[in-house]
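Reviewing the structure listed below.
Going by the order they are written in, the chains are A, B, C, D, E and F; count residues from 1 in each one.
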Amino acid sequence: MAEVEAPKLPSGVRKKLMFVNRKAPHGTIYALEALEVVLISAAFEQEVCLAFLDDGVFQLVKGQNTQAIGTKNFAPTYRALGDYEITRLYVERESLAERGLATADLMPIVHEDPDDADEEKPSIQVVGRAEMATLMAEQDVLLSF
Amino acid sequence: MSTLHTVNKSPFERAALISALGHVRPGDALLMIEDAVVGARKRTAFAAVVEAAAKICALFVLAPDLAARGMAEKDLIEGIKTVDYGGFVDLAAKHRRVQSWL
Amino acid sequence: MKFGIVVNEGPYTHQASDSALQFARAALAKGHEIVRVFFYNDGVNNGTRLTVPPQDDRNLQKSWSELAAKHGLDLVVCIAAAQRRGVLDAGEAKRHGKDADNIAPGFRISGLGQLVEAAILADRMVTFGD
Amino acid sequence: MAEVEAPKLPSGVRKKLMFVNRKAPHGTIYALEALEVVLISAAFEQEVCLAFLDDGVFQLVKGQNTQAIGTKNFAPTYRALGDYEITRLYVERESLAERGLATADLMPIVHEDPDDADEEKPSIQVVGRAEMATLMAEQDVLLSF
Amino acid sequence: MSTLHTVNKSPFERAALISALGHVRPGDALLMIEDAVVGARKRTAFAAVVEAAAKICALFVLAPDLAARGMAEKDLIEGIKTVDYGGFVDLAAKHRRVQSWL
Amino acid sequence: MKFGIVVNEGPYTHQASDSALQFARAALAKGHEIVRVFFYNDGVNNGTRLTVPPQDDRNLQKSWSELAAKHGLDLVVCIAAAQRRGVLDAGEAKRHGKDADNIAPGFRISGLGQLVEAAILADRMVTFGD
């Protein structure tokens, strides 16, 4: 989607970066722009993961079709994250439930696991609110969208 | 002398839809557009409030915005109708005034 | 029927400008008249010709300019809101000692009275925003 | 605050215009901009009133001082509305209550009543939610901020 | 390894404050800035939720934003402390990371 | 300590740019370093020199430019977000065949990698937005 620039950083710096997605897609541009940064971040060889909570969970709903509103449909890009070695998408269980959503309503997103003969593994992990809070507390940087 | 109410934000994120539903009158229509269409889903934390409002006034969702969010008619609370942009214009023309709950 | 439209947000960040444009097209297709589109608050940012959206995305400024040309729409950018945000026509740029202007074709800069006037002239006012 | 332009309208048109204020002041510019339009509208000789509901009721809280955030304090302008013959400010009772506010927390806003020997009358009328809905239903135009 | 949470929207209008309060952990701090300062008021519909959170983590409001909304310390839920912009910087420096609940 | 700051909203409509500016000033006053201020989404609209705010109001673009000059701040405007919204420097204007540019002094246009880099270099990232 966006051009990748060569990182100019002291070598060996490896931070835990979490992108925190809390907004519904399409009504505002934040979901799209978060995805742009996520893709760029892949070039920096950091430990990147994504969190989807509150209305952010709507970003992963399957079957999105923006043709009739005339905007760009970036939903398929989530399925390409595995190719960028971004393999951890944490989705908050309570956020899904409040919105009448089940895991089956989400896009299937997978990645190949190099530690397991490149077997396809699911990238989405549904976690409870307390576990989401714990995951956030384990990061070096939280980037909020 | 009825009113068309439009709401464009998710009820899970903003108070606009609930506030609008608290101000509708018999004969009014309320149209959910943009991110508000998720408020028309069945089995959400707000479904009971929306269902109660459907007994007072006519509820609509904008179909193009519905499709963008991966939703279809089967996901909607019973009684909510879909319209396209032309239907939005018709609703605005039919009612005496438009209140945009921004 | 006569419609007046208010756009309170700029392009791309919020869907407001997209929705307003689709509404305007649908109203015109049904034979309605649009007495004015008033761009207020961040909405003034729809009216700069310097935008370069990605090739695979829509161009909102161009869409508004083209719709205005085709249907003789009156696209009014609020002068005070535009000044704050750096949307200027040649006259405004000169008056304020700025070395460039950026207003897009089909948009004109005018006062808030144009919004009140539209509210009085139109049968229906519809507002799109955040 | 803003320049007043001469209206160019067919004479005798007199509409009921309500400005609907639902947003808190200072965090966004909408309250300020609504006030700008309200002042301009006075020159058009229409039947203008203002509604304050949801977070809009915070616009009328007394003692606002924006010095330390560096933005313009437009709160005193509400008190000048009477000079523009804008004398009806409807405030929703339920919105006040949910926010822990009482009428005593609001600025005193008054106008001179020409029908009563220019006696000072309060401009703020606290109304219930159902009455607010009725007032909205009586207008020709609702302008939302 | 605690977190500073910042919230900038009114809880009466947006879900951000309530969501943030649902994710704070002991040792964290939460700072209300901009329109969020109204969430620190006594006797609101959300006061009980905020009071409960005050037992888990430290709650702060930005004094400049408080003054802009016509509020003073006497209006605040007990236990909520005020800081100025310098105090905001100190809080950000003290905690390991900042989560902005936009 | 090293701070990175993200500004996601333009001037005046939201308080985000005001809050970010006050935070930056306070951090510098306490002797901290600001590795970068990254203007993203509508935040890019802080970086146009064509703004003419009212005489009795603050001038956010000028305040950022002055703070950058005084403290050698790196103010980066996201290139893709800026193109969409019509914030261009002379090179960008030329490249895209535009007849004017509007970037303000002290701001530079660069890619999203600058945001990721800031997140890695800074001890703390603070985001201001809607």
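Everything that follows uses one rule, which is that a contact is a pair of C-beta atoms (placed from the backbone, for glycine too) under 8 Å apart; a residue touches a chain by one contact, two chains touch by 3 or more.
No experiment lies behind these values; they were computed from the predicted model shown.
S.K.: With one step meaning two chains touch, work out the least steps from subunit B to subunit F.
M.R.: Minimum number of steps from subunit B to subunit F: 2.
S.K.: Using the touch definition from the top, list the chains contacting both subunit B and subunit E.
M.R.: Both subunit B and subunit E are touched by A, D, going by the contact rule given at the top.
S.K.: By raw count of C-beta pairs in contact, what's the busiest chain pair here?
M.R.: Maximum number of inter-chain contact pairs occurs for C-F.
S.K.: Averaging over Cα atoms per chain, report the distance between subunit C and subunit E in Å.
M.R.: Taking the mean C-alpha position of each chain, the two centres sit 38 Å apart.
S.K.: Please compute the C-alpha centroid of subunit D, do the same for subunit E, then give the distance between them in whole Å.
M.R.: From the centre of subunit D to the centre of subunit E is 29 Å.
S.K.: By the touch rule stated above, which residues of subunit B touch at least two different other chains?
M.R.: 8, 12-13, 15, 34-35, 64, 84, 97-98, 100, 102
S.K.: List, in ascending order, every residue of subunit F touching at least 2 other chains.
M.R.: Only 8, 12-13, 15, 19, 22, 41, 57, 80, 125, 127, 129-130 qualify.
S.K.: Which positions in subunit A are in touch with at least two other chains?
M.R.: Counting only residues that touch two or more other chains, subunit A contributes 26-29, 54, 69, 71, 141-142, 144.
S.K.: Which of line, ring, star, complete and other names the graph you get from chains that touch?
M.R.: Graph shape here is other: it fits none of the named patterns.
S.K.: Among all the chains shown, which pairs meet the touch rule set out at the top?
M.R.: Every pair of chains in contact is listed here: A-B, A-C, A-E, A-F, B-C, B-D, B-E, C-D, C-F, D-E, D-F, E-F.
S.K.: In the complex of these two chains, what residues of subunit A are touching subunit B?
M.R.: By the definition above, subunit A touches subunit B via 23-28, 54-55, 58, 61-69, 71, 73, 75, 98-100, 105.
S.K.: Looking at the complex, which residues from subunit E come into contact with subunit A?
M.R.: 1-3, 15-16, 19, 22-25, 96-102
S.K.: Report the residues of subunit B in contact with subunit E in the complex, numbered from low to high.
M.R.: That would be residues 12-15 of subunit B.
S.K.: In the complex formed with subunit D, which residues of subunit F make contact?
M.R.: 12-15, 18-19, 21-22, 56-58
S.K.: Using the touch definition from the top, list the residues of subunit E that touch subunit F in their complex.
M.R.: Interface residues on the subunit E side: 6, 8, 33-35, 64, 84-86, 88-90, 92-93, 97-98, 100, 102.
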